Structures are given as structure tokens and as C-alpha cells.
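In the part that follows, the structures are each spelled out as C-alpha cells.
The two complexes that follow have subunit A in common; it is paired with subunit B in the first and with subunit C in the second.
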Partner chain A sequence: MKRSFTTLTEATLITAVVQSGYGEIITDALLEVGIQGSTIHAAMGVGIRERLGALGVAVDAEREVVTVMVSSDEVDRIFERIFLAAKLDVPGMGFMYATPLLQAATYVPPSILSKYVG
Partner chain B sequence: MAKKNTIRFGDYVQAMAVDTQRVPFQELMPEPLFDRHGREHPQPVPKMKLGGGDVVKVLQPYLSTRFIDQARAVVPLALYLALFQYIVLKTPVIDASIVAGGLFAVMVGLMMFMEGLKLGLMPFGEVIGNTLPRKLPLPGVLFIAFLLGIGVTFAEPAIGALQVAGSLVDPEQAPYLFTLLNDRSGTTVLLVGLGVGLAAVLGTVRFLRGWSLKPLIFMSLTPTLVLSIIALNNPDLTTIVGLAWDCGAVTTGPVTVPLVLALGIGVASAAGKGADSSLSGFGIVTLASVFPILGVLCLSFYTAYTVPTEEIIARAAEIKLAAQMAASQPAWFEVTPWTEITLGVRAIVPLVIFLAIILFVVLREKMKNAFITNYGIVLAVVGMCIFNIGLTYGLAKLGDQSGGLIAGAFTSIDAITESPLYSASVGIGIAGLFAWVLGFGSTLAEPALNALGMTVQNLTNGAFKKSMLMGAVAFGVAVGIMLGVLKLIFDFHIMYILIPGYSLGLILTLFSTEEFVNVGWDSAGVTTGPVTVPLVLAMGLGFGNALGSVEGFGILSAASICPIVAVLTLGLYVQFKVKREERRLAKELAQEGELA
Partner chain C sequence: MSVKIMTLPISKLDIEKHYLDYTWLISGVLYEGGTDLLIPELMKRGINEAHFYNVAGSPIGRKAVAGVADSFDVEQFHVVVSADQAENVFDFIYRTCNLSQPNKGFINMNKLSRSTQLDLPDLNDTDTETEEMSD
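Here is the complex of A and B:
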């Protein structure tokens, strides 16, 4: 039997490093527009407290890293959505970036697969 | 293969969003410095300069989340008391603006105190817990755990409520109760602290040796119950018993539990025993709520045999005179807010000094992030002072008032002219229901209970649901507070609730598994937080005064035993259900085997 393997292309990974507690706010904002499959990692951040001086006490050193894979077509829209949901325009809140993915793979529903297998 | 007749959203946005600015990341990086040999020169982190608007933006989420946490516990309770008073008892809140200000102070104070605890005191606890066992032999560690137990007791915010409550006791009727809460209050707290210290030591040893909690419960409760019964039959001491049992509930608050646990878990994990059992955190709370009872009972016996009643009454008159003198010309430290501030400083600063001595002198460790830690300590002290002010003017005042007025539902009191408002049976029913709802609501609002529920759910693989545990504990506390109120109405001794309650608890303990024994007995200590304790204490005393009974203590202790019984019973039921399910599955498997 011939082995068949499907890879997904045109995928982009968005990573947002935010203050502890905001991870779920982001994933909720994503779920609202039907984007699932985000991951929240717990992390510790270093540096922002030193930069902010006395105000640094208001910044939680515990961070959450949210990663979510989205289609390259939709990156800008979702990037903006996360930026607003996590209030990243506030100093010390965190940062985010998008990286293109070479290839990705997961379960692909047969209905979609049949359009491409031909 | 993109979809037909579409353009990429990204391209669309690029085309439409004309005001997108592109800034090279280089702009955010510091300029590297090189010395003349071409090596990179160290430079400090550049400070960020923020405008006023940005400062507000940074502080706003920080302050609001923490404030809302406290408001969620305080506001519904206060509203409930005020509305109940207004609608059912037809009396508006007296000094409403002062009470509201006091409650606001409670919220602000608790917010600052909890943040300070997290940033300033907990790091000490963790560092000490992790390094102490490696640098000192076991007896040394245990000795420090013992001292820590005493220190945290003084720092517990709810302990101040005892002293406030003490000023409401009548020295003529309950002389020994009066002296233990007024001129000897320091000794009382010290004895409570000794109890907590002893519990910390025993709890730590238990972690290390993996002892079962059951024999410890039996061994600590039996003498406590016996002593209580002896005191019960002693006319001088019978009033003390309620206070003694309440002390147990007061000690296990937001300072004691995490700090003592951090040390105990640190010791256990250093010995390689911490990770194997998810139960390692339990047990200390239970012991820390039983030993102080024993301590206070012993102190009361000692006082009763050494100090005659007349001396106390004379002393009480002296205190009263002094208070009158002070009222006409008070020293600067005897006036609000200075009294509260001295109390707050006295509670936290010795603990901090003690922790600092251990850390810097005994362990020779350095504190990371000294600025944040110092900030946390300052915050804890300031928060404690504000909380104390709020305690006097908010929680104690409101609780005392509601407690005093609720009596008007079924008997005639001076404060309500048309009292009794309702017939005796309806009025007593209203008072009981009031107490029940108060207990149920305040317990569900307690954040520590939520955490305990999560742990239990994980521990039992979902057989014991979080909501089930929270419901059981809240139901238990509600019934306990109701029983406590009924005790005051019908004027029977609190031991008539506690003896059958604890006996039932002990019997259930015999049959329960180790997990449920740990969870069940700990649930009692967890539920009595810094908002519930002062409110319920003051309510009980106010209620007791209105009814003319000698002392209003004991409600908290009734609220401690009932959840234990509730959780243990529910635990037995869950165990039974799981076993039945297992049997059913085994049967089905056997049948399938036969079919095959």
C-alpha cells in the first residue's frame, strides 16, 4: 500500500509573550472568531522590571507564552486581534511576533483533502 | 492553489492600511559599547521613560485586578448584611458612611497586604524552606519551624479581631475571658502561637516520616476534648471554652498557611519525600487549628489557679479608668489611627526581622530582587495597618451591629422600638436563616476554598468534584454558624455542639481513607479567612450582648467542625459509589469473558 502524507503550507506561527493571566484572554479572543489550537506555556520573564524602575512592581515576572498557528492569509488580522486583546500597547505588557512556517501537519478532514488529491 | 476570485487578506491589509508604520527593531536595542580592544563593554539596562498616561495604563490593570479580588469577598457580604438589616429588621445601618469607609479600608488593606505577602514574605519562606534543610541538621530546622509558627501567628490579620472582640466582654460576668483578651491578650496570642509552632514541627516530621494523619488527630483531639469538658464543669472557666475553640479557627489564615507550608514542603522535598505524595501539603492546617485550642485551655487553667477573680475585676476597673483618662487626654499612640498602626507594625516587623535573621545570619543567603522584596514588606506593613483600621470601623462595627439587631427579630431590644418584629418562632427562624445564608455565601467567596477544591478534584481523579467539595464545605459552615447562633438564642453551652460534632468527626475518620481525612480536616481551617472571621466574631458578640448572654464566642468553632463532618460524610459516599462502580465493571467484564 502506498503511503500518503499531507503537509500544510502557507502557515504562520504567532507567538505572544504576555503577563500571567492574559494568555487565556488571548485564547478566548481567538476562539471568539473560530480560531482554535492555541497553546499557553508558563514562563518567567526577565528584564522589564529593571527597565521600568519603581513602576516594575506593577509588572508580573510570571509570563505566559501563547502560540497559535494561523493561515498566512489571515496573519495580519489575527496579529492585530491579539495585540488589542492583550493590550500590548501598554509598557511592560509583553510582545509578540509572527514567524513563517516551512511546513506543518495535522489531521486534515477528507472533504478538504479530496479537493487537493486528484 | 488559492481559492478563485479572492485576493490574500494580507495583501488587502497592506494595501488598505496606509498608516502602518515600520520601525526597525534596531531602534529598541541599546547601542553596544566597545572598549578599545574591541571587547563589548558592560552597560546598565536603559531606563524606560514613561509619560503620565502610560503610568496610568501600567498601574490600572495591576491595581484593579487585585482590588476586585478583595471586593468580591467583601462587597456581597456587606451588602447582604446591610440589606438584611434594612429590609427584614427595618433599621438602616447606623453610621453607614463610617462603616462604608471602614469596609473600603478593609479591601484596600487586604489588597496591599496580600500583594505584600506574595512579594515580600513568601520569597523568604521559599528560600528558607529550600536551603534550610541543606544547611542545618533536622533539630535545628524543626526549632526554626517552631519559632516561625509563633511569628506568623502574631502576623495573622484575623488575630487582631480577637483583641477587638475582647473589648466587648463584660469583666464582671466572665472575668477570665476578659483578662485573657485584654490585659493578658499578648500571652493568649503567644500560647496560640506556641500551638501553631508545635503544629509546624509535628507537621514537618509527619511529611518526613510519612505518618498517617489519623492517629495524630486522635492524639491531639482527645486531650483537647477532655480538658474542654473539665473546663466546662468549672464555673470560672466555662466561658473560656468557646474562645479557646475559636482560636483554632482564627490561626489558620493567609499568613500562617502558606509560610508554614512553604517551610514544611521545602524540608520534605529536600529529604526527597515531597514529590511522591500530592497530599504532602495537608495536615499542618489541621494540627495548627487543634494545638492552639489546647494552648489556650492550658493558659486558662493556669490563670484560674494563680489569679483570683477579684484581682481581675479590680484590674478591669483600672483598665476602664485608664481608658477614661486616656479618652480625656489620650497619648498620641492611643488614638486612631495610631493604635491600629502600632498594632500593624508590631504584627509584621518582628516576623520580617526573624525571617531576615535566619536568611542572612543563619543561612548566609542573599535575597534576589531586593527592591521588590522590600517593596513587598513595606506593602504588607502598610496594608496590615489599613486593614486594622478597617477592622475596627468596618467589619467589627457592621458585624456587631447586625448581630445586635438580629435579636430584635424575636425579642425586644432597645435599638428597635417596635421589637420584637416577628413572633418568636418566625423571628428565630429568620435569625437562623440569616446565619445560614451568611455562612454559605461567605464560604463560597473564600478564594482558598476554590484552590482546595481543585486539589481534591485532581487527587480523586474527578470522583470528588470541585463544586461538590465547595458545596459540602459551604453547607457545613452555614449549618455551623446557624447552630452557633441558635446556641446563643437558647443559651446552651457550645460544647454541646462541639462534643457530638467532634465525636462524629472522629468516628467518620476511622472509616475514611487517608486522602479524605486530610482534605476533610483541612477544609475547616481553610474556610475561615480574614473577612469571615472578624465579621462572624463581631456578629456573635453583638448578638450575645443583645441577648444578655455572657459570651458570644463559639460560633467560629461550630463553623469549623460542621464542614469536617460534611466533607468526611460526602467522602465516604463517594468512596462507596466508586467501589460499587468498580464491582459493576468487574461483573460486566466477567460476563463478557463468559460470552467469549
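Here is the complex of A and C:
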């Protein structure tokens, strides 16, 4: 069987480092705008914990990191969506960034692929 | 007789004012841990946008049995820095983590198309909710 390899360009990886529990809120918000395939994992954050010194042990340092790969055309819309869902305009809630990708690859259904490949 | 009720226009949140478009992302892997020491040093220098997590992996030349790394201290970290400080912070991390030594780890740097800042709440602000005080 002949195997083909399809690469995607003009893609951007959006990463949001948010409070524990907000990962699912973000993925739900992304689903509402038709974005599937986001990934959540745990991480350690930094911030007010270090400022508090010994009292900082009472502060939860656990973070959730949400990563989602989107088309570069849609970055504006999705970046805004995540920003609002994670309440990043509130101090201490987290931060996010968008990294342009040179190349990406995944399974692309033949029905979609046929629209772009002659 | 009719009464006209005056309403004020609803202000729309301009979230683009929170965006930065001159930032770089420094990422790295430390094979012997140490990110928990690196990040407070970065915070002292005013860099709050950092996070790290544990990963599996081995440096070049170290044995791994059936894909299982012999160290569980391997950490991946990411730090967002402004473009004008990127070179200095990269150099600082390189020296702090002794990356000139073999098998310590590696770092790389990428330009970001946009990012947001992590503003920490003021400790003197008693109105700050517990949720917002979380790290």
C-alpha cells in the first residue's frame, strides 16, 4: 500500500497556562467555536506563592496548560476566545502565547484532502 | 405622554490592549531538574511568565532501558520574555543551569506571534478573591 505524507503549513500553536480547573472550561469554549483536538496537561506555575514566603505553602501552585494547534487565519478569533474563557484580564489568572509553526502533520481525512489536492 | 429612558452605551472589553507582539519563548529541558530554582531567579528579575512540567527522556549517550529514562527529574520549562531581553535571559539561563556541562540539558528560543502578561495580584489588596490568589 502506498503511503502518503501530508504536511500542514500556516499553522500556529496556542498555549495557555491557566488556573487548575480552567482547562476544561477552555476546551468547552473551543468546542463551541468548532475547535477540537486541544490538549490539557498539568504543570507547575509561579507567582504569588514565591512572594508570600513561608505562607506560600498554602497557595496552590498547580496549573493547567492547554495547547491547541489552529490555522494562522484563525489565531485572532481563538486567542480572544481563550483569553476570555480563562479570565486572563484578571491578575494572577495566567498567561498565554501563540507560536508560529513552520510545519505540522496529522491525519487529514481524504474528503478534506481532495479539496486542496488536485 | 411618553417617558424616554436614556441608556448608556455598553462598553466593549478591548482585550487587544493585553496583547504583546514583541515577545520570545525560551524553552528548555533540564535532565537533572533545577527549574524550581531557576524560576524564582527569573521572578527576581521581573519575569513571571514561566511554567514547567516533568517529562521522560535521556541525554545523548546515557543508557535507557526499554525507553524508560533512568532519571525522573527531567523537566521541560517555558519562559516568555520580551524581545529586547531575550538574549540576556537566554544567556542567564545557560549560565544558571550550567548548560556548558555535558548532559545537563538544552535550551532553544522562538519568536512568538503574540502573548499576554501575567500580572500578579497586589498582596495588600484585601479585596482579592482567593481564586485570584492562586499561583
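Criterion: the second predicted complex is superposed on the first by the 103 of 118 C-alpha atoms of A that agree within 3 Å, B and C clash if a C-alpha of one lies under 4 Å from a C-alpha of the other, contacts with A are read in each partner's own complex, and residues count from 1 in each chain.
The criterion applied here is as follows: a contact is a pair of C-beta atoms (placed from the backbone, for glycine too) under 8 Å apart; a residue touches a chain by one contact, two chains touch by 3 or more.
Values in this document were obtained by computation on a predicted structure and should not be read as measured data.
Trainee: Is A:Phe5 in contact with subunit B, with subunit C, with both, or with neither (first, second, both, neither)?
Mentor: Neither subunit B nor subunit C is touched by A:Phe5.
Trainee: Should A:Tyr107 be classified as contacting the first partner (subunit B), the second (subunit C), both, or neither?
Mentor: In the superposed model, A:Tyr107 contacts neither subunit B nor subunit C.
Trainee: Per the contact definition in the header, classify A:Glu74: touching subunit B only (first), subunit C only (second), both, or neither.
Mentor: first
Trainee: Let me test your reading of the model: by the given contact rule, A:Pro91 touches which partner, first (subunit B), second (subunit C), both or neither?
Mentor: both
Trainee: Considering only touches as defined above, state whether A:Tyr116 meets subunit B (first), subunit C (second), both or neither.
Mentor: The answer is first: A:Tyr116 touches subunit B but not subunit C.
Trainee: Residues of subunit A touched: more by subunit B or subunit C?
Mentor: C
Trainee: If you lay the two complexes on top of each other, which residues of subunit A touch subunit B in one and subunit C in the other?
Mentor: 47, 49-52, 59, 75, 89-92
Trainee: List the residues on subunit A that touch subunit C in their complex, please.
Mentor: 12, 15, 17, 19-20, 41-52, 59-63, 65, 75, 79-80, 83-84, 88-100
Trainee: Hey, which residues of subunit B end up touching subunit A in the complex?
Mentor: Counting only subunit B, the residues touching subunit A are 1, 8-10, 13-14, 17, 45-48, 50, 54-55, 57-59, 61-63, 65, 119, 369, 371-372, 375.
Trainee: Which stretch or stretches of subunit A touch subunit B in the complex?
Mentor: On the subunit A side, the touching residues are 21, 47, 49-53, 55-59, 72-77, 87, 89-92, 116.
Trainee: So in the complex, the part of subunit C that touches subunit A is made up of which residues?
Mentor: Those in contact with subunit A are residues 13, 15, 18-19, 23, 25, 35-36, 39-40, 43, 48-53, 78, 80, 110-123, 128, 131-135.
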